[in-house]
Amino acid sequence: MKALVLAAGRSKRMKPVEDKNFLKFLGKPLLMWQVEMVKKAGFEEIVVVGGAHNLSRIKALFGEMVQVVEQNDLEEGMCGAVLAGREIIGDCAVMIFSSNDVVDESAFELIKEAFERGDADSYLLGKKVDKYFPGGYLEVDEDGLIKNIVEKPGEGKEPSDMVNLVVHLHKDSAKLFEYLAKVKSDADDKYEVALAEMMKDEVTMKAVSYDGFWQPIKYPWHVNPVFKYFFEKAEKGVAKSAKIAEKAIVRGDVIIGENVKIFDNAVVQGPCYIGDNSVIANNALVRESHIGSGCVIGFSSEVARSFLGNEVWTHSNYIGDSILGNNVSFGAGAVTGNLRLDEKNIVVDGVDSGSNKLGLICGDNVRVGVNTSLMPGVKIGSGSFIGAGIVVAQDVEPKSFVRGSWELKISENKTNISSDRENFRKKL
Amino acid sequence: MKALVLAAGRSKRMKPVEDKNFLKFLGKPLLMWQVEMVKKAGFEEIVVVGGAHNLSRIKALFGEMVQVVEQNDLEEGMCGAVLAGREIIGDCAVMIFSSNDVVDESAFELIKEAFERGDADSYLLGKKVDKYFPGGYLEVDEDGLIKNIVEKPGEGKEPSDMVNLVVHLHKDSAKLFEYLAKVKSDADDKYEVALAEMMKDEVTMKAVSYDGFWQPIKYPWHVNPVFKYFFEKAEKGVAKSAKIAEKAIVRGDVIIGENVKIFDNAVVQGPCYIGDNSVIANNALVRESHIGSGCVIGFSSEVARSFLGNEVWTHSNYIGDSILGNNVSFGAGAVTGNLRLDEKNIVVDGVDSGSNKLGLICGDNVRVGVNTSLMPGVKIGSGSFIGAGIVVAQDVEPKSFVRGSWELKISENKTNISSDRENFRKKL
Amino acid sequence: MKALVLAAGRSKRMKPVEDKNFLKFLGKPLLMWQVEMVKKAGFEEIVVVGGAHNLSRIKALFGEMVQVVEQNDLEEGMCGAVLAGREIIGDCAVMIFSSNDVVDESAFELIKEAFERGDADSYLLGKKVDKYFPGGYLEVDEDGLIKNIVEKPGEGKEPSDMVNLVVHLHKDSAKLFEYLAKVKSDADDKYEVALAEMMKDEVTMKAVSYDGFWQPIKYPWHVNPVFKYFFEKAEKGVAKSAKIAEKAIVRGDVIIGENVKIFDNAVVQGPCYIGDNSVIANNALVRESHIGSGCVIGFSSEVARSFLGNEVWTHSNYIGDSILGNNVSFGAGAVTGNLRLDEKNIVVDGVDSGSNKLGLICGDNVRVGVNTSLMPGVKIGSGSFIGAGIVVAQDVEPKSFVRGSWELKISENKTNISSDRENFRKKL
């Protein structure tokens, strides 16, 4: 039995966050977290499907740990991704998992156990939901057999409480590949159409009910719940080489890396991850956040409910509900707005983020000038410079230089400010 | 003997602060503070005069505690207000008090004692002043009888050092009402004209000299001294349910309400009142201020010499010498300027506030965007939104949406910021 | 033997910092530091050369301690300055020192010792450099005699590793004056030309090698290294009358003056000098900086690597790598940018400051409005007002009033912010 991990997606909806598979949570890339869980659940032979854009990075990341194949035509979607594994999988049983979802390792264990104990041809993971989610629902008959996958049935019309997650185990991969190869559809759902054809031809499929963690990682704001999930699973603690000043305050669950320095009067309120070599300066506040390595959270900055990559520098800033890449730096007084004046949900590119709190979404290698305001949900592309003292209420393309445009009025100052000390003192 | 409390005024000069009678000091509306003092001084039957705009609120506030009558024509001023009580007062002795002034309860005691021990027909409270105040002065003869009330005599021309405060006790209210009913004057001073007529007709009036606290509450900047006065009188202490973090600092006299939370590194420097359920977050500073209930003074905010109503939220702001209503919220980095560059007194609507330090005057239900600057003495009407990153140097009408207007210049960024760590590190 | 201290320069390149000779380091004017060092090295009779612009200040500063002469024509440069001392010096030996350079007192000792033990006619201090500096190099023959002073030879073409510093001792001042009086040159180098003539005429000159501290003080950014040098030499400690709150943090080497107050949660990270009567308020951070007397470093301000004169007031500001005069005050949220977005060196008036970190250069009696941004290396002339909420990216002439220019868009706010508590609470 092999596992086929689909990781050829181009993370378009995650932009300007770069390829999500390599986004480091607690210092480890997402794809590594996922492959390790698959392995831990007992799948020893793992094949990862990549695309031209990330194939070499995947290979470099895993070395001998997995086999890597390329999906040549990324337009072929999930069907094409699975078919890319045809040769290497051959005809053994195959567990297919899309790296677009983060699930608990128990999901892999459940499907494996069901397969080992059961007699169906295929097993599909059904995530139990207690409110409507616009996905594909598993329609199951009295014998527990899946009759159909109903896409977005609408609230109240769900055929069951189980949403189809791409954790699928097929006994006969050769048959699957055969159906996939011959499926006729112009749409994006060829894989699902193939499954439907198989069901029609009496290939038996059973639902495996799953009640654990599930988070699709499709939009940038999905990063934070995934961080929290990995954080909960990880061992907490403070590295021996970390230096926490006597008057620094560290509360709640934290993971603090090697050579981290936390200065006097800084407050770290868990859950927080602080990567190696980062500095939390005097009077800074970090709460419920992921701070990558080599970051400096400067004097009087607050970072709240945010995900920061490596080498992010803040300085008297407020960074709230934001997702920032690597090598990003903020001038003093720059602020991420994270709540609309009308307190409505933040909508990004027409997609409701589901929350009224969302800050900045920022790529890599970005500089932001002093006292600049970044409006809720704004996206800044990698390699951009944002000038000082402006309000950015629109998305910024990668490698842009955004400046303010204003005129100063200069006249003679006719007031003579006395340097008289007593008068001056009254101001205190 | 009854007390007639005049509370029908429309607080126009207090705008955008809403009806001052209901402004809560230390959780208790101003009018309740005043009526309680009158009661404590021995006036058991109290009649409050309201107007259409506040009659039901007055009734709801006091229940059975006082009787409430309506002044129908608010244009009739104080004369009309007193006459509104004609029927309910009848012909017993009446102490008239205007809620426009805040005085110590000893003022009521003094006038009551003078009346009980003396033989004059009326007693008027004379506030001793040691410098010129532009009010009405009591002109008194060698027998202690008031001969005249001289309005704004001009500095150096005062007939005495006693300013007429509306704490007046008349033995024969029937006679007072009679004079008030027949007074002929187009001006705003019918009540004073009636008193003058009475004096002419040999109704004897005596001055009761008073040296205690007095603060007219006419303009928003009068709120702070009144707060300080009530604070001094109140019992200090910290509610048992309040949670003050180990590394929070509380100094001086404070009143801290139920369920208040003060986080680590916060500093509260008395005199300070902090209402129930409010939060003073990490590294915030509150000094010499009134914080209503349900407020959050967020990270790294300073609130100095200010009066905040309920549910005010700050976040890395400076709020200095300001008066804010209820449900007001500031984005990170928004600042109230409270001192002109030339350090001159702040003038509001042509009225000199008497101080070179005055910040924002803000109504209820207001939102202010991040990094916005509010100039000294600016008034923001209730229900308004103030956008991000702007400078507001003018008054804002209620229910306004104020936005900046600018253009950003966007070009290609030709600089390639290296992510080289060593280079980056040099910046620290 | 006398010492002639040249202090008639007009500090043009230091503008808007006023006459550098009177710039107070640790409470003592630069010129006093220098004269005291000369005196300590054994030069008992000191003559200071001033100009019309500073003669009375020099006299007032030193009283009987030195003799003061005036250089009438400042266009005559160093040659004119030395000649101004002709009468008062007479024909004794003279040590000439330019106050444009800060050197260790050992420099004066070295040259004096060399003169006392040696037999040359003149001694010139040669500062050993280990990398190219664009100054005048001493060309020395096998006998140790100076053959020439080579101005800016270019890197790799230096005749020695010794740069000519104006710490020169001449045995026969009468002869020096004679050569100076007759030198013919239109250029700025008459003094050097005279020395060259003397060498040609077999006046023997020897180099005295010096390896100690040297800092020309020509541009504003030279102030900080000079501060650090004086700080290192000075006695550290905290005045008895200073009050450091229990929860204030003071680390590293500091000099804290009389009546200084350091409030709770403030952090002072040495090396720091804090002058008499200054206040470091709650949650402020001062590091590696010189704070003059009567300053207030307000709540949540950071002052880093900066030189502040007297009576500078900050308030929730970031002041980094800046040089500020006296009586300067910043509104809350005003920020000195100190790093370009592209992280290149800051260039001021075409001169590379040699560092990618440089903040504001500010004269005396300046006010800066709230939330204003001052770009790296900007100079603000004395007596200027800078309005609120603007970005100043250009130099500002003395006595200017700089204001923003914008339009606000005001419309009706159609959103009704509910004051519903539960909804409100969700924002926390």
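Read from first to last, the chains carry the letters A, B and C; within each, the first residue is number 1.
By definition in this document, contacts are C-beta pairs under 8 Å (C-beta built on N, C-alpha and C of every residue); 3 or more make two chains touch, one makes a residue touch a chain.
Small disclaimer: the values here were computed from a predicted structure and weren't measured.
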### Message
On the document's contact criterion, could you list the chains that touch chain A and likewise touch chain C?
### Response
B
### Query
Same residues or different residues: which describes how chain A and chain B meet, taking over half shared numbers as same?
different
### Task
Compute the distance, rounded to whole Å, between the mean C-alpha positions of chain A and chain B.
51
### Query
Where does chain A touch two or more other chains at once, residue-wise?
247, 265, 283, 300, 333, 339, 341-342, 367, 371, 385, 389, 404, 406, 415, 417, 427
### In the complex with chain A, residue positions of chain B that touch it
247, 263-265, 282-283, 299-300, 315-316, 331-333, 339, 341-343, 356-357, 367, 369-371, 385-389, 404, 406-417, 419, 421, 424-425, 427-428
### chain B-facing residues of chain A, complex
247, 249, 251, 265, 267, 269, 279, 283, 285, 294, 296, 300, 302, 311, 313, 318, 320, 326-327, 329, 333, 335, 337, 339, 341-342, 364-365, 367, 371-373, 375, 383-385, 389-394, 396-397, 399-406, 415, 417, 423, 426-427
